[in-house]
Amino acid sequence: MSQEKSLYERLGGYDAISAVAHNLVGRARADELLGRFWAHRGSDGIEREVQLLIDLLCNVSGGPLYYTGRDMKTSHKGMRISQADWDALMKHVNATLDHFQVPAAERAAVVGFVESTKAEIVEV
Amino acid sequence: MSQEKSLYERLGGYDAISAVAHNLVGRARADELLGRFWAHRGSDGIEREVQLLIDLLCNVSGGPLYYTGRDMKTSHKGMRISQADWDALMKHVNATLDHFQVPAAERAAVVGFVESTKAEIVEV
Amino acid sequence: MSQEKSLYERLGGYDAISAVAHNLVGRARADELLGRFWAHRGSDGIEREVQLLIDLLCNVSGGPLYYTGRDMKTSHKGMRISQADWDALMKHVNATLDHFQVPAAERAAVVGFVESTKAEIVEV
Amino acid sequence: MSQEKSLYERLGGYDAISAVAHNLVGRARADELLGRFWAHRGSDGIEREVQLLIDLLCNVSGGPLYYTGRDMKTSHKGMRISQADWDALMKHVNATLDHFQVPAAERAAVVGFVESTKAEIVEV
């Protein structure tokens, strides 16, 4: 692993990050606890949201992408996301990283980024 | 009632239409059947959506407003909105129009517009 | 003038503010110095921008409108707006307020708001 | 070249398309004739527009990207883009494709796509 490469490159670039985002959202939507957040929404709204997740991950990992979505606090405020929701999400984040066999260093960086957003997302 | 005035003016303009939209969404969110569509969403997303409803109503009724939201088909596709959902919505539309004592001619125009979107919204 | 009414109401509400915004942008577009900012842009982009100006003015004056546009600093960064541009704009703001015969108290409030954004807009 | 691969893949994926879009917009902005379209605009607006160009190219070439921007007709209407503007653009498209040494088959596909949008973009 070259430290000179961005996390975006080390993760495999746009397509790899897109695959990770779709895999993760698929797991979350199928989750008994988390599924409620997508249960009654339209496909255009969900696809836009998945795209914004891809865009955010590419942007923060150093990819050539201009993120124009809302910040995490604004987009999650009022959803009443709990610690139990967060724990369920992190379980799926790990399952997704297992699925793609992401190496330890990149895995730690992704998990670290996700954890860094927790304070802006968990409300109750 | 002057037929020369736009429906927007006859309804009382922006503030009246904003009040109608907020009243209607409030009833729909509190409805046992319809509430699921808003149950686990964030406040920013909901407020944006209510604003787009106001914008759409002002625009189609002839008000000075440029609508930039999605069309009804795109924004509702995949929500699996049923005939029963639609019936519940129309009940609330009528309750909202009662609440604001909207006169018969304007009431018919509003109900007619809402009914005109049904084919693009009801899926199951 | 009742101090209990919002500036939005005292200005005449949405339609009055929409008319003010359209009048002001019309003057700015026709201005020899300022016209360059709109000279080669498409109509959809310009209409969206005028709508965002209406939305911002309604929102900050206390109207029932949820503003989802960018902040003034982000939306003007890099335009190289000068003090001479600002002076030309303020001339048109005053001409627009003259045109609609806006009373002194409301006029002072509008001019005060516009002046409060100057530091975020003027760059050179 | 495998015909089973999408054009997106054959072009080199997201990063290659992002580099192509930035290179092309850079040439267009520096062009004596075309530069007027970007001359007095803010950096956030320009970066959003370049990102939408990347998104559009990735989407139409088969990449894993959900395009949420406006259609070409809506976004260019009123810009008064001429045949001479178009000719200048096509010159830069070819220079960009030269720069990245895009192979003949992919080059023909890109040029073909750009040409297919001409009727929606050129107005005068």
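Which chain is which? They are A, B, C and D, in the order written, and residues in each are numbered from 1.
Methods note: a contact is a pair of C-beta atoms (placed from the backbone, for glycine too) under 8 Å apart; a residue touches a chain by one contact, two chains touch by 3 or more.
Bear in mind that the values here come from a model prediction, so they are computed numbers and not experimental data.
Colleague: If I average the CA coordinates per chain, which chain comes out farthest from chain B?
Modeller: D
Colleague: For the two copies chain D and chain C, is the contact made of the same residues on each side, with over half of the numbers shared, or of different residues?
Modeller: Over half shared, hence same.
Colleague: If you average the Cα atoms of chain B and of chain C to get two centres, how far apart are those centres in Å?
Modeller: 29
Colleague: In whole angstrom, what separates the CA-based centres of chain A and chain C?
Modeller: 38
Colleague: I'd like the Å distance between the centres of chain A and chain B, where a centre is the mean of that chain's Cα atoms.
Modeller: So the centre of chain A lies 33 Å away from the centre of chain B.
Colleague: Scan chain D for residues touching two or more other chains and write them down.
Modeller: Touching at least two other chains: none.
Colleague: Draw the chains as points, connect those that touch, then say whether the picture is a line, ring, star, complete or other.
Modeller: ring
Colleague: What residues on chain A touch chain B, complex-wise?
Modeller: Against chain B, the touching part of chain A is residues 36-37, 39-46, 70, 74-80.
Colleague: Going by the contact rule at the top, pick out the chain D residues touching chain A in the complex.
Modeller: Where chain D meets chain A, its residues are 13-15, 18-19, 22, 47-48, 50-51, 54, 63-66, 68.
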